[in-house]
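Chain nomenclature is as follows: A, B, C and D, assigned in order of appearance, with residue numbering initiated at 1 for each chain independently.
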């Protein structure tokens, strides 16, 4: 079966999912829905992506000389599922106005409330919960990264007593020039826990997790400083083994490879020739991994622009029962050229 | 007794200590030693501060039209103590070359190794350890802030099981235009613990503390996210009471006073008319103070340019036995116009 | 006569004008109108400033524990003039709704269209045009700086053929943490000329001026790179003499005083003890002043937070015919502790 | 003939030239010389690039587990030319120590003094000057962009009276996390003209050009605001035609394509799938192109990381007389996937 996909919203996330869908052999990108004619739409067309828009927006595109293939209605009748990558809260509106009335399936992003979907989703942590579901919510970039990290230990049977995570968020994406801060650290929010902790619990309900968050004037990646308290002593050796073997977790060595900042991680991806310089994996700083008795400390970089892309692909497979968990993860990663060396995929 | 003070190094810290010394009635600023003729020296003279320099630098000052009163030797014979505010590591060199051979007393900054001095110092945490000592090291901005916070609980008899602190450091001071990062988060260092944890132990040897640190592209303040695990349950009420009563700890309310970022804290100080917009107190974010059973979470802003200034003043008093701990703290704070409302100073 | 002043809006500009008015002996600050209870209002009260607000906002202040003296109506009946420092466009609304119906005089800021007032104003360039006017608009920070610079030559009888100015604007004020850009240079606007050139012509209608502008991720100051083409050759000597003698123009020497960036200029003001570290003068970079035949090139820093403050004071004097041009400028500068050395004020 | 190339220095520029050389069919990349084992070397190997290093550095690479093929001596005897992409000033040292004694040909970058080479080079402006030369210096990113822009008019026979260019430089490359400024605008230098004007004259000796430069806290691109005064009136139409037809000059429309900042230009390149998101062309802001009688004003973005890459390729061809000017430009651009639509290459 080939799942026919429409993408609603063609911004930072939407355009990446579009490129990813086009690389899959069990999915077909029917088109993307876009509101504004701009360079992003023009580039999309140059890649063979079909643009659709709202009826009252067609004129704008024509005026700008950017071809649209049809209206949203034209697209909708030809797809099996909509991946909704609209701004926070718009997905819920779309569900009420469009998807539910028309009996359409949909995948939402983490900017929506958990209630929008039948399940919140992270491939590594709870793939099976999403099998056959009609509405799935792929959790946000920060929640995805935390869920993968915590999930890596849980699937190996580790018991976690408590997670404390401290998030240093990038202030804006590279393309967002109106957002700040400039020369400031913003409490994001001041209250504890930030929303990220409870959001991880939508994926892993049993976890005890506290998060704090600030925003800083960078566009590169989020940075997490994480403290995991296990139920009993652990060794650095076993921790390293698990992290090395888990898909979508990469280890970067600061001392031996001169990866001394988040920008070096992006530079690595640019040098490798990755599309847009994306890093869809958790970028763990190997030297930061430290164990004191039953406590683990580490830093990880989280590429907010792209980290949820593989999970959106996996969510489609779970929704349509195309593959089992590990088959889907392996397939997604291979086709997205993620790093898949080592024993990462032996867990099936 | 009036202690005669010379200041070695007139940068970010040195110039602030100079202004502070001039406000004290039990100290006299004899002069400051400066290497480079520049606007900072010119402004110093306009305030009545006498400049001294190395013999081979006198020419440079004359050429620039900035008056020097004498050479380093002229200054040294007229002072009781040198406060050394030179860059990291230079203090130790000065000790070996100048202070020790001449039998001079000296106060060093936190950029020096702890071994440079007879004791590392924080007024709230270990004032009495410094009484009568010949060489005292005032710990760095981050260590000062952590020592005050931890000290606040220890002096009330609380038992602390473990402190975990996550430091988001400003990349440079406002005047340092060559330092980065730009658009990056730097592991500072990647390894755990960062040097800050062990440094707190030079002041409070018994504390179990782990720290992690990154640097970001701001110049405003450092931001600490702190987790203190007490030995037994605590209530938010008692925690708040202690923090409100402790000198050099201020509470800023994000919700009711719209203090939503570090820049707002500096703006508050600028509006108040504080010299240079300095905030010499720990700036605790009141809304972040959260208690879960025996664990406290909070955020605090740390003004790296000025937070160690009052401790340098207190260190002089301890060295020369001018005052007892609480008398010195109270006197320093009053004369520096720090906030001294409430029951802050009832601990004497 | 003492002019009774109310200030509408208590943000970056409003609070500075309030402090300035309080330093004048021919003006009295009756109060300021503020919409939101926050730390800025709390600090204002601590300085003895009376807060007024809209009737439906009184509750909010009471709830926050910040005292208001009365409502906007209470204030208005006791003032001779309102200085309106509200956000762009709100001044025009206030004029239509409040000032005109009540027959109140008002001074507006440069965010309003020129049509809001009887004249646009810069003290050096066109003080006499504002004498006795009922509505005066003090032009924006960038326009003020350009008008002073051009005015300095015009009042000495120089003929200017053309001005070309290139503005590198700060992205946000220090207190504005939501505005960007981060890591970007924004065309501000892309089209030529930017609005600044025409805006200078509201003050100096005869000048031929082209401007281009971009915004960058800083909060410190704007930076202008200016090219003035005179009608005939000029010498660097005569240019320097004029700039040295003109009030509200300061020369900073990069080579001899190590003023190598805009941050050094602010650092100089902080060190001097200026309130909030403000620089109300044009900050010319002396080393950049270069003459090729009939063309002058130079750089100037423009402190967007404070540069219009003295002009607001002068505008009051012009409106109420309190002083002649040079008397007002001299008086304002003396009371604001601006630099008034040299022959600056010999032009009266 | 296939020219055998070695690259000395594998940083921002060196690694891009390496990738570009590998795409050419008349050149062969023998290897690159690298001093430090790091992630950049590891990625190079994964692309099939051979690493060479100094004899005393071999150990470091072995220890880090990064394979080196040989020492610098091994490389040198197998190449026809070295492209030297070492830091400023090192190229001249290498010439004296290595290239001249061994009779090697070399291409230098713009960080070297003009005297290092027989000619300074820009493909569009003076390709023929470099034919057969032994040492060629490809001018810096800013000079390359200005030379292309000026060259575009000169090759069409336009007479230029004067160029005034205002450079807003990025503070550091994305990978350079130690360089600033943070929250500052640095005079770069304060004096006028900056070195860029004279540097353009090393390529186009007859041009009258003045430049001013500042550095800002971004890593994206430089931004030039340029004013060209022609000898006689010009029309916007003819200017546009020339710019549209000139290779390595792209027009970006701010109004119709929502390219409102430099980050959007890089985002466009990322979306297109360009390696590292590079923009090797001058990025002209179409809406900024404005003509007043004989004067042209415009803005252009200059991608400092990559803009000199095509010129290095062309310099090889000129040195070895592989192609004529327009053949080389066309070939380079096609193989680097630069935009080559329109009549750009009709000038041959």
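Couple of notes before you dig in:
We take it that a contact is a pair of C-beta atoms (placed from the backbone, for glycine too) under 8 Å apart; a residue touches a chain by one contact, two chains touch by 3 or more.
From a predicted model like this one, the values you see are computed outputs, not experimental measurements.
Put simply, the chain farthest from subunit D by mean CA position is B.
Should one ask which of B-C and C-D has more C-beta pairs in contact, the pair is C-D. In terms of their C-alpha centroids, the spacing between subunit B and subunit C amounts to 36 Å.
Annotation: 47 Å between the Cα-based centres of subunit B and subunit D.
Look at where the CA atoms of subunit C average out and do the same for subunit D: the two points lie 42 Å apart.
Shown for subunit B are the residues that touch two or more other chains, namely 174, 177, 181-184, 186, 217-219, 260-261, 263. Those residues of subunit C that touch subunit D in the complex are listed here as 164, 166, 168, 181, 183-187, 189-193, 210, 212, 214, 216-221, 223, 225, 227, 254-255, 260-263, 285, 287-288, 290, 292, 297-299, 301. Subunit C makes touch with subunit B in their complex at residues 15, 36-40, 42-44, 46-47, 64-65, 174-175, 177, 182-183, 219, 252, 256-261, 263-264, 266-268, 270-273, 275-277. Residues 171-172, 174, 176-184, 186, 217-219 of subunit A are the ones that touch subunit C when the two sit in their complex.
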